[in-house]
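Order of writing sets the chain letters: A, B, C, D and E. Residues in each chain are counted from 1.
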Amino acid sequence: MSGTKPSSLWPVAIQWSAPRTVTAVIIIALLAVLPMIASALESSYYVSFATRVLIYALAAIGLNFILGFGGMVSLGHAMYVLLGAYAVAIPASHGVTSGFIHVALAVGVCVPLASGFGAVALRTSGIAFIMITLAFAQMLFFGAVSLKDYGGDDGLTVAARSTLGGLDLTNNTTLYYAVLVTVLLALYLSWRAVLSPFGLVLRATKSNPRRATALGHPIFRYQLTAYVASAVVCAVAGVLLANLTLFASPAYGAWTLSGELIVIVILGGLGTVFGPVVGAIILLALEETLPTLIDATLPDYKSNWMLLLGLFIFFVALLLKRGVFGSLPASVRGERSKPELP
Amino acid sequence: MSELLKVENLCAGYGASNVLFDVNLTIREGEVATLLGRNGMGKSTLVKCLCGWLTPTAGRISFAGSEVAKAAPHVIGKLGLGLVPEGRQIFPSLTVRENLVATASTTNGKAWNLDRVVSFFPRLGERMSQLGGTLSGGEQQMLAIGRALMTNPRLLILDEATEGLAPLVRADIWRALGKLKAEKLAMLVIDKDLKALLPLADHHTGLEKGRVVITGNSVELQSQQERLHALIGV
Amino acid sequence: MSALVTHALVKRFGGVLATDHVSLTVEPGELHAIIGPNGAGKSTLIGQLAGEIASDEGSVRVLGVDVSRMPTHQRAQLGLARTYQVTQLAKEFTALDNVLLAVNARAAHNFRFWGNAHDDDAAMQKAATALAIVGMSHLHHAEVGTLAHGEQRQLEIAMALATEPKLLLLDEPLAGMSQGESAAIISLLKSLKGRYPILLVEHDMEAVFALADRVSVLVYGRIIATDTPDRIRENAEVRAAYLGDEA
Amino acid sequence: MTTQLALSQLLNGLQLGVLLFLLAAGLTLVFGIMSFVNLAHGSLYMLGAYFGAAAFANTDSFVLAIIAAVGGAGLVGLLLDRFALTKLYARDHLDQVLATFGLILFFNELIRIIWGPSSVFISAPKALGGTIDIGGFTYPSYRFAIIAAGLAVALGLYVLIQKTRVGMLIRAGATNANMVAALGVNIKWLNTLVFALGAALAGLAGVMAGPIVSVQPGMGEPVLILTLVVIIIGGLGSIRGAFFAALIVGVVDTLGRAFMPTIMRSLMERSTADAAGPALASMLIYLFMAVVLAVKPQGLFPANVAATR
Amino acid sequence: MHKLVVALAAAGLVSGVAFAQSSPLKIGFVGELSGPQAPLGQDQYDALMMVIEQNGGKLGGVPVQVIKEDSQLKPDVANQVVDKLLEKDKVQIITGVTFSNIMMAVHKKITDKAVFLIGSNAGPSPMAGAQCSPYFFSASWQNDNQAEVVGKYASDKGYKNVIAMAPNYQAGKDFVAGFKRSFKGGTVTDEIYTPLNQQDFSAELAQVASKKPDALYVFYPGGLGVNFVKQFQQAGLNKSITVMSTSTVDGSTLPALRDAALGMLSGTFWGPDFPNEANQKFVAAFEKKYNRIPSQYAAQGYDAALLLDSAIRKVKGKIDDKKAFHAALKAADFKSVRGNFKFGTNQFPVQDMYMFDVAKDAKGRVSLRTVAKPLVNHVDAYAAQCVMKAL
C-alpha cells in the first residue's frame, strides 16, 4: 500500500515543482491579477477578452469531462451553451433579471434535455455518437431559429446583465472575477470527480468499456451522469456568455462552435483537468492576434487569417497527440514511480 | 532444387515483448515444410513476418530471390506468396466467385484459374453466387485455399487450415494438399495434426517459446515421439 | 444447486453455427475445463455466458437464477467473473487501479463523486490482497500498458478474484505465457480450485488434465464428450476430432 | 395540394437526393475502406464548383466546366490522400475530425483569397436552360438533367462496385484490408483510387449544383452536414445505404420544407406557424436520423451484414 | 503558458503602437465582407474609401483611419467586433452595417456608449420608431420604404393576386409588412418565409407556380438573390409571373445574373441612371476606380461618407463636442446622389422612392433603368413612434 495518506482537500499529493503544476499555478496567478494589469495599460478590452477566454475554457472543461475522461466525442456541446444563453435572454426580455433564476432555469432545462439526448446518443458509439450529438445540436439550433418571439435567426439582445445578490455584474471586472471563480470551481470539482470512485469507472469506460461492464459496472449510468454533468457546465458557460455579450443567438449553438470546443480540449491536452484552460487561451489568443499579425505583414490578407488557423488546427491534430498542457510532465524528472495525475 | 524461401536469424515481437528469437527456416522449390508448436509459441508471428504484416526486428527473409523482411505485404504477395491465413479470413460480403476472382493474379503463372479451382473443390462450384459469410467452416476453408491458389503462388502458406473442422472435411483438405504436393507446389503447413503432416511434409521445424527446438524430416521426427508429444501434445 | 447450467445454447454467425446446442453444468467447487481446437466456439460460448454475445437459442442459469436475458453487468453483479483470451485491461491505469475498479464493482456505494477512490482503505486493502494472490504486490503503481504479457494475464485473474466471484470463467489464462509464467498460473489455479466453481477454457492439455475435475470437448460448436480427464484421454471420438485421427 | 405540386416537389426532393448521393458515395466509401472521417469532403464539393466556374468563365462551355470540376477535385483528392491525410488513417476518429475541421477553414480561406469573397457565376448549359413538359406539368430541364445524371452515376457506381474487379477489391478492402494486401494488391493505391474517386464525385456534385445555388466560400458546410446525416442513416460504409438514405433525406427535407408550413398553419396561429414551420422542416431530417439511430444504431443498411466477425 | 505571455505581449505591443499613432480620427466600419453577402458590404466600404481617397486620406479636412471589421452575417460575431471597436480601438464613429439583424444586435451597444452610428444600409423598423437614438443616423432608408414603393407600384398597376417571398429574419418580415401596407386593391394570397441560410428555393417555387399569382413580391438580397433569380428563370416562371423586388436585382447581383434578370422590377431610392450632377460624378468616378457599375449600397456608402465629411468639417474635427457634431450631422449639408436629402425627426431620410426595371444600358451592360416615381417626399411609417431624446 502506498505510504502517506493525502489530505482530503488535495486528494493526491501534488508535486508543486512539476512543470504542469508550475504552469497551472502561474496561469491562475496571472488570471487573478489580469484586471489590474489591464487597468494599468488602460486597456479594458482585455478584461472582456479574457472573460470570453474563460467562458470558452469553462465550456471546454465541461466537454473535457466526457471527452477527455469518458471518451465520448460530442460534436454538439455548443447546444448547451446555446441553452444557457437563452436561459438568460428569454427571461430578461420579460424583465426577469435575477441571475439565480437564470442559472436555475439553465440547469433545470439542461438536466432533463441532456438526460434524454444522452440516453439516446449513448446507444451508439464511435462515429455514430459523434454524428448523433451533432444531429441533436442541429435540432436545437433550428429550434432556437424558430423562436420568432425571441428574435428567431437574429437572436435577441439582453437589456442588462443578470443581477446576482450584491454582485454588480455590469462592472466588467466584477463579471470577470465571477467567471474566474466559476472556472476555478469547475476545475476543482472536475478534478475531485475524476479522482473519485465515480471518476475511476468513468475513466475505465474510456479505456476499456468492455472490461468495466464485465466487472459489473453499469457503465451506461456512469456515462449518462457524466454527460449530463458536462452539459450543465456548458449551460452555465452559456449563461455567462449571454451576460458578457448581452446577446443570445442560435449561432451560439452552431456546429462550428462545438468543433471549436473540441479543438480547445485537444489543444490543451485530452484528459488533463487544466488542459481546457490552456487550450482556450491559446486558441482565442490566436484568433485575436492572427489578424493583427497578418495586418502588420500582409495587410491585404488581414481578413484571411482563418487560413492559418485552419492549418494550425490541422497540424495540432496531426502532431500534438497529448496537447500543449498534456505534453508537460506532471511529475518531476526521475520521480516516475507514481502514475501521472490526470 | 533452388531455395525459394530462406529465413535467417529472424527476431520479431510486438512493442517491447519479443516473440521470435533467431529463427531459421529454408524451403526449396516444390518442397513441403511444416511448422510445429503449441499455441502462442510464435508460429503465427512468423507467418506475419513472412507475409509482411509485421516487420522483423532483426534477421533476413529472402523469398523468390528478393529480400523481403521489410517489404510491404502486397509486394510479397506479388512475388508469389499465397497465404491461407489462420481463421480463414475470407471476404464475407463477397460471393464465392468474387472471393476467388478479386485478388487473382497471373504474374507467376497461369496454372490456376476459376475452372480449375472449381474442379479442385467441387463444393465451391455449387456455392458460386453465395456470399462468403454464409458458407460453412469447411467451405470457407476451401475458399481460402482456392483464393490463394488463384494468385498462382510459388509458395502456399497454410496456417491452421484444418483447425475446427469436422473430420471428414479435414480429410478433404488433406487430400487436396496431397494433390498440390504432387504438382510440386511448395508449401509451408502449420498444423497440429501430426498424423496427416508426417506423410505430406519433406521436413519439419518445431517452435517453442519463439525458438527452433526441433528440425528434421518425417522419419527423423517419428523417432522422437516423446519430444513431439511435448511439442504439440495432447 | 449447480453454479452454472446451460441448456441448448445456440449462436449463429451467418452460415456458421458457432455454438450448437451446448448444454453443460458446473457444480459447486468443481473445475470444469473446456477443450477444443481453435474456432470450435469456445470464446463464443464464454461470451454467451457472460452476456456479451446474445444467444439465438437456449438458456443460462447462474446459481439458480435464469440470466439468459440479463445484461452483462448484472450477471457480473450476481457473481459471475471472467477473464479474457485477449487481455482486456484499462491500459492507462496502474495495476492497482485496475484491481480497485474490480473491487469497486462489488461496492454498494460506488456512485460517489466526492471522496478520492484511493482514500477507501477497505477497498484498497482488498485490491492489494488480490494483487498479492497473483504475486504482483511489487507492481502496484506500474502502468498496465508497460507490464509484460504474463503479468497482464495474472492481472486479469486478480481482477476476476477482486470482484468476490461466485463463479469464474477463465478464457485461456495460459495463452501466450512462458513456461515459468505458466507454472505460476497453474499453481495459482490449483490454489483456487475448490474455493470457486470454475469454468476453464484452455489449450494447454497438460494443465487441463492436471487441474480439471471434468473436461468437456467442444468441436465444431458441439460438445462431443464430457467426462473425467482420464476417460476423455481414452475417448476415441475425442482423439479423432481433436487430433484428426480417422475414427 | 395538387398532384402536380406534389409531383414537382417529389422531383425536387429527388434532385437534392441525387446530389447528396454523389457526395455521400465518396464519403462512405472512404469511411468503409479506410475508416476515415473526412469533414473536408464538403470542401471538395466547393472546389469542384469553383473549378467548374473558372472553366466556365474562360470557355463558356458547361461540358468543360464538368471536366474541370471532376478532374480538379479528383486531383486535389489524390494529393490530399498522398501527402496530407495518410498519417491520419490509422489515428482515431477524434484526430480525424479535428484535422479535417482545420482543413475546412483552410480551404474556405484559400478560395476566398483566390476567387474573392463574392459568389461567382456559372449558368446551366443553354440547352438545359428552359423547362420540359411532362404531360401538362413543367419542370426545369436542368434539374431534370441533374436527376438523370445522378441516377446514371449511381448506376455506374453500382456497376463499378458490384461488377468489376476494382469494385470487388474495394468491398473486400472494406472488410479486411490486410488480407487484400497479403494477396498481392497494393492497398495504398486502392485507397488513393477510392479517395480520388470520392473527391471527383464531390466535385461533380459541386459543379452540377453551381447553376442552382451560388458558388461561394463555405458552400460545402451545410451540404456536408446533410451528407453526414445521409451516410449515418444509410449505414457507414454502405454505398447502397448511402443511395437510399440520400433519396430519403432529399425527399423528406424537400417535402418538409414544402408542406410543413401549411400543415403547421392548420394546427396553430398563422404567424407562429410561419416561423415554426420552416424551422421544424429544417429539424425534420435530424429528428429522422435520431430516430433511426435510436432504433438501429448501425443505420438502415449496415455495410457488413454477412460479416462473420 | 509561454504562449500566453507571448500572445499578451504581442497584443499589448500592438495596442501600444495604436495609442502612439492616435492622431487620425478613428472610424469603425462594420459590414458583411465575406460569404454570399460580401458584395453588399464591399460596395459600402469601397464607396466610403473612395471618398476618403479623393480627399487625400481625410474627411472634413481631418485625417481619418478606417478600421474595417467583418461581421460575417453573424450577430454574435458582430457583437464581438463591435466590442473590439469600442473597447480596444476606442472609435468615436461607426459606419456601415449591412444587415438588419446585425444592426439590431449591435446598435444599442454602440449608441449607449455615445458613439455615433451612421448606418449606410440596414434601417430596421424598431430603430426608426421606439428605439430611435440621437446617436443613430441613417444615410440609406428605413427598410419598409423600399417595399412600400413596390406596394404602391403594384396598386397603381392594379395587380389583384400577389405572393410575397422573403428570408425568415427581421428585414424579411419588415419588407413584406411594408409591401402589404401600401399595396391596396389586391391581396397578398400567401407569404413564404425561407430560412436565411436556405440556398435552394425549388420547393417554394413549385408552390408559387401552382398558385399562378399575377405577380410575385420578393426580397432576397445578395447571393440569395442570385440563387432565387436563376432558379426562377430555370423554372420557366419569368414568362408567366411578374417579379417585383427589393434588394434582389441590383448592382450587387446583376454581374452574376446577367440576362437572367432582364425585365424584373426593383423598388428603391436611387439608380445609376439618375441625371443629377452629384450622381453623374459619383458613377463616373466609381466606374473608373472599380471598373463596375455602382450598386445602391455603394451609393449609400458614398452618401454616408459625404455626410460625415460635411459634419466633421462643420465642427472642425472636434467630434468630442457631441452636441455640435450631432447638429452638424442633422443638418445633412451635402449633395446627395439621390437628389433631395433631409433627415426626419427620427434621423432617417425623407426622400422620393422610385421603381426600376432591369435593362441593357447604353454600353450594352445589364443595369437598372428608372421607370416610375410612385412615392414623393416619403416619410417612413414609424417616425411618429419615435420620441427623440435631446442630446
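The rule is simple: a residue touches a chain if its C-beta (ideal position, glycine included) is under 8 Å from a C-beta of that chain, and two chains touch if they have at least 3 such contacts.
Just so it is clear, the model here is predicted, and its values are computed rather than measured.
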Any chain touching subunit C and subunit D at once appears in the list A, B
Tell me which has more C-beta contacts between its two chains, A-D or B-D.
A-D
Taking each chain's centre as its mean C-alpha position, how far apart are subunit B and subunit D in Å?
44
Measuring centre to centre with CA averages, how many angstrom lie between subunit B and subunit C?
31
Between subunit A and subunit E, what's the gap in Å when you average each chain's C-alpha atoms?
38
How far is the middle of subunit B from the middle of subunit E, if each middle is the mean of its Cα atoms, in Å?
77
Send over the residues of subunit D in touch with two or more other chains.
112, 274-275, 278-279, 282, 306-308
Which positions in subunit C are in touch with at least two other chains?
13-14, 16
So subunit B residues touching two or more other chains come to 92, 131, 133-134
Would you tell me which residues of subunit A are touching subunit C in their complex?
1-2, 5-6, 8, 11-12, 192-193, 195-201, 203-204, 207-208, 210-219, 221-222, 225, 337-339
Residues of subunit E touching subunit D in their complex?
33-36, 38-39, 42, 168, 191-195, 197-200, 202-204, 206-207, 209-210, 223-224, 226-227, 230-231, 233-236, 255-258, 260
Contact set on subunit E toward subunit A in their complex
1, 3-4, 7-8, 10-12, 14-15, 33-34, 68, 70, 74-77, 79-80, 83-84, 87-88, 100-101, 104-105, 108-109, 168-170, 195-196
Interface residues, subunit A side, partner subunit D - complex
67, 73, 75, 120, 123-128, 130-132, 134-136, 138-139, 142-143, 145-148, 152, 255-256, 259, 262-263, 266, 270, 301, 303-307, 309-318
Could you please specify the touching residues of subunit C with respect to subunit A in the complex?
50, 52, 72-74, 76-77, 81-82, 84, 88-94, 97, 100-102, 104-107, 110-120, 124-125, 128, 140-141, 143, 159, 163
